[in-house]
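Paired with chain B in one complex and with chain C in the other, chain A is shared by the two complexes that follow.
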Partner chain A sequence: MLKVTSLTVRYGSIVALKNVSVHIKKGEFVALIGSNGAGKTTLLNAIYGLVVSEGDVVFKNNNLSKVASHKRIEMGLSLVPEGRRVFPNMTVFENLELGGFKKDKQFINKKIDEVVNLFPVLKERFRQLAGMLSGGEQQMLAIARALISDPELLLMDEPSMGLAPMVIKEVYEKLSILKKNGLTIFLVEQNAMAALKYADRGYVLENGKIVLQGKSNELINDNEIKRAYLGKEYKEKWER
Partner chain B sequence: MNFWQKEEETLSVDEIKQIQLERLQSVLNRVYDNVTFYRKKFKEMGLEPESLKSLDDIAKFPFTYKSDLRDNYPYGMFAVPLRDIVRIHSSSGTTGKPTVVGYTRNDLENWKDLVARIMVAGGVTANDIVHIAFTYGLFTGGFGLHYAAEHIGASVIPVSSGNTKRQIMIMQDYRSSVLVCTPSYALHIAETLDKLNLTKNDIHLKYALLGSEPWGEKIREEVERRLGVIATDNYGLSEVMGPGVSGECLFKNGLHVNEDHFYVEIIDPETCEPLPEGEKGELVITTLTREAMPLIRYRTRDITRLYRDKCPCGRTLIKMEKPSGRTDDMIIVNGVNIFPSQVEEVLKEFDQATPHYMIFIKKKGRLDMLEIDIEMTEALFFDEMKKQKAILEQITERMFNVLGIKPAIKFVEPKTIERFEGKAKRVIDLRNV
Partner chain C sequence: MQFLYSGITSGSIYALVAIGFNIIYNTTGLINFAQGEFVVLGGMLMYTTLTMFGLNIFSAFLITFILMFLVGILFERVFLRYVRLKTEINLITVTIALAIILRGIAMMIWGRDSLAVPSYVEEKTVLLVGGSITSQSLVVIVVCFFTAIVLSTFFKYTKYGKAFRACHDDQVASTICGIDVNLIRMLSFAIASFLGALAGAIVAPITFVTYTDGVMSGLKGFSAAILGGLGSFWGGLFGGFLLGVIEGFFAFILPSGFKDAFAFIILLLILFVKPSGLFGKKKAVRV
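Up next, the complex of A and B:
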């Protein structure tokens, strides 16, 4: 469904992503993991068209290089940004409505009904300001909002960020249900264990480069991940 | 059971190329970060892992030779710390440096799956009784097929090599249904059956997975007829993993390469330039998923051809022909790889022998036999027989240690072996393969 080939992103003289290639098939749940500053958000931004990149992003056989971000949403991409970014001074309902900004009222209401079935806690809080929700509830709201545009591929940036372990589990379980219902999911995550527990496949990003990929159950015990997080020193210490 | 990993074995060419590109880029990153040998080599050539934007860019990258593995003996080519290594295999040879290969836990898991693909393609199911007559030990063949057969759920008999009569008894009594060995050993079993006044009807074999030495259709026809099996070929080399690189399906028309784990190229061995798909040349392999010891563009020295066709079995993986020769002087005797240079190394250790020798490979029944004629020094020639015999035994023992196979050593009189000007031809292969 999504094919990224040899993507490079520069911020001035800094190369944030070097030659990154990934693919996500329809119905797959894929996680890209890496430590702070590895380039995870940059990759999502490049897929979403928020930063300039070299290389190809192909979505449903369309090369996106000349497609603006808002058009990418219409094509079926939707991004749940890092740190939720809900509108704190608007109600939960209003936040959800905004998720379908370009769609008609009837469609939006139908989608809202659907998503609150999955996230019943949001229904209870329809009229509350989003800023009053807990971190976990805000994350649910951010996911729900992204679903209103009826995406085929959901992109997510660090869903576990700042959440308690119990809440992380809840968020990921919701994602698993979405996957089961046919949604394709690509998320980037620092919390490798949480992401790999639920994803089908994973990629490991280190300093802007992919160093490893494989099925989640292969990656989860791989020491290369520890080295990607803790740096090369880790290897040397044990080795020589 | 037709496939072991159907999804991976039936990918479209587009999908496979994307997977290859992703894996190739990450293996380049890993070797650049973790293997001094590659980092140095890339830097010398002005390359970075980022120099690979598409699969064709692989041609810019340096080759890896067997000698590189020797030079970095024992663990210099490893890309992970030793504590991540859970298995070590090695080539034979105690003079010179052997080549060492390591496996992480994931490498072993992948290895099992890749060999299982080939075994399933060759007819093996969970209901089979798999008789493995490969030597166990440092050699990758025995263990490679052993664990894969268990992984499939078959019953595995690790018979190992030798004592053919006992092997036949086991085949009869334990009802082995799949035979795993070298083609020449399969023929030897057939001969032994004859000698015991037995036929294929007295054993229960259905399939034979043969490998580790070159063989042709004539041998296949004979093995199939005399043992009552369908015989398929499989290919691998210990440097890149062992068996599991490629194997035939039951249509016996080319070996399916596990190209999602091995990127294969054909090059012209003279110019070292890549050749287009379909042309004959030397097979070059880059490992795409190996963690412990990734190799970039390893020169296999095997001559073959790569091509894509629509195989009736449904696999879409690229095919290779049975290797038709070598670009070096390696000879394969009963599945054991031997280099004339190993013989020279041994001779250097003995003052009583000159460096003049000839290697003869003959057939003794259906098995190969290695004979080495060595010129004696004048001094030894005039020495007493007892002393000559003692030296002969010492050399034989040493050759056995180094080559991994016991040769028949013959002393010949001084100055009787041909002196070569230019390229020496010291190997005479009397087997008519």
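Up next, the complex of A and C:
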């Protein structure tokens, strides 16, 4: 469904991603893990066109390089950005409506009914400003908003960031339900254990390069994971 | 009481200019210093269409507004879009430059004299408690309130109005949701330009219009926006009225030569005492 080939992203003279290739099949739940600054968010932003990149991003046989960022949602992509980025001064309901900006009202209302079934907490908060929600609720809202456009591939950036372990578990359980319903999910995550527990397959990103990939249950027991997950400094300290 | 009535009239104009400032500020983070020039152009175009071409009032308004809408679009598309390094300070400087250019063009086309725009309604004086108000002033006040209500409904309930607010909150998230942020930026300039022209057009029969008027209406509208809280829609409206009334009051008790100074004394006071303005709120902090 999604095929990323030799993607390179530069911020000035710094190379944030170097020749990264990732592919995701329909119906898969794929996690990409890596430590802080490995380039995870950059990869998602490049797939969504929010940063300039070299290399190919092909989604459902369409090359996305000529597609403007704000048009990618119409192709069936959707992104839950880093730090949730809900609209803080708008109500929960308005946030959800904006998730379906390109769809008609009837469609939006139908989808809103569907997503509040999955996230009942949002229904109680419809008229509240999104900025007043707790971190976990904002994360649910961000996911719900991304679902209104009825995407085929959901991209997620660190759903566990800043959340309590109980809430992380809740978020991931919702994601497994979505996967069961046929949604393809690609998420990047620092919390390797949480992500690999629920994902089918995983990639490990380190300093802008993919260093390891495989089935989740294989990766989860891999010593290399612990090394990549803990980061480079740690590795050097250990080797010394 | 008389100062109250005349204050509300000039306040309506400040309010429309202030709302223009706020709309652009909310979507782009810029202060558009050419806002006052939009007011002048509005008045000038009304003069051209009504007096020079002899059109009827309805088509004169229509042509003026369409032209000013286009001016706003051109302003953003051509001049701001192609600035190489888009820092806020650079772009604000461009708006100052454009204000000066527009003023020069206005002088070349319409000359240095004050132009009289004929009255849109029959001139009558309405007696009120403790004073009176002209039918001209009533038109200004009614148009201002009507515009404020239409705009606030637009922002609150319509799809594109919500997109404007979304861009104000978070432009990256707006892009992710499929909103074309560049289009919204362009439209915000178009609406601001339209509002300026509206203010200029309705006030022209009372004050006449001179090519240098833009400096004062721009700066006073800016003071009104700061007074009400930069970025706040109702703050801009209320700030405009408050500024108009205070100004009218001081013009009443002090020599009228000091009148213009008061807008700026209020501006300074607000910046010293409550920089966020009367209705300004801090941007919600993201967790």
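Note that in this section the second predicted complex is superposed on the first by the 229 of 240 C-alpha atoms of A that agree within 3 Å, B and C clash if a C-alpha of one lies under 4 Å from a C-alpha of the other, contacts with A are read in each partner's own complex, and residues count from 1 in each chain.
Simple rule for what comes next: a contact is a pair of C-beta atoms (placed from the backbone, for glycine too) under 8 Å apart; a residue touches a chain by one contact, two chains touch by 3 or more.
Owing to the predicted nature of the structure, the values given are computational and were not obtained by experimental measurement.
Colleague: Contacts for A:Asp222 in the overlay, against chain B (first) and chain C (second): which applies, first, second, both or neither?
Modeller: first
Colleague: Tell me the contact category for A:Lys26 with respect to chain B and chain C: first, second, both or neither.
Modeller: neither
Colleague: Is A:Gly131 contacted by the first partner chain B, the second partner chain C, both or neither?
Modeller: A:Gly131 contacts chain C only, not chain B.
Colleague: A:Lys180 contacts which: chain B (first), chain C (second), both, neither?
Modeller: After superposition on chain A, A:Lys180 lies in contact with neither partner.
Colleague: In the overlay, answer first, second, both or neither for which of chain B and chain C A:Val211 touches.
Modeller: Once the two structures are laid over each other on A, A:Val211 reaches chain B alone.
Colleague: Name the contact category of A:Met90: first (chain B only), second (chain C only), both, or neither.
Modeller: After superposing on A, A:Met90 lies in contact with chain C but is clear of chain B.
Colleague: Kindly classify A:Lys3 by the partners it touches after superposition: chain B alone (first), chain C alone (second), both, or neither?
Modeller: So A:Lys3 only meets chain B here.
Colleague: With the two structures laid over each other on chain A, which partner does A:Leu98 touch: chain B (first), chain C (second), both, or neither?
Modeller: second
Colleague: Classify the contacts of A:Lys18 with the two partner chains as first (chain B alone), second (chain C alone), both, or neither.
Modeller: In the superposition, A:Lys18 contacts chain B only.
Colleague: Could you pull out which chain B residues touch chain A in their complex?
Modeller: 15, 18-19, 21-23, 25-26, 29-30, 33-34, 49-50, 52-54, 80-84, 104-106, 109, 289, 291
Colleague: In the complex of these two chains, what residues of chain A are touching chain C?
Modeller: For this pair, the touching residues of chain A are 48, 50, 68-71, 73-74, 78-79, 81, 83-90, 94, 97-99, 101-102, 129, 131, 135, 138, 145-146, 149, 162.
Colleague: Any idea which chain C residues touch chain A in the complex?
Modeller: Within the complex, chain C contacts chain A at residues 159, 162-163, 165-166, 168-170, 172-181, 283-287.
Colleague: Along chain A, where are the residues that touch chain B in the complex?
Modeller: Residues of chain A touching chain B: 3, 5-6, 8, 18-23, 55, 203, 206, 209-214, 218, 221-224, 232, 235, 238-239.
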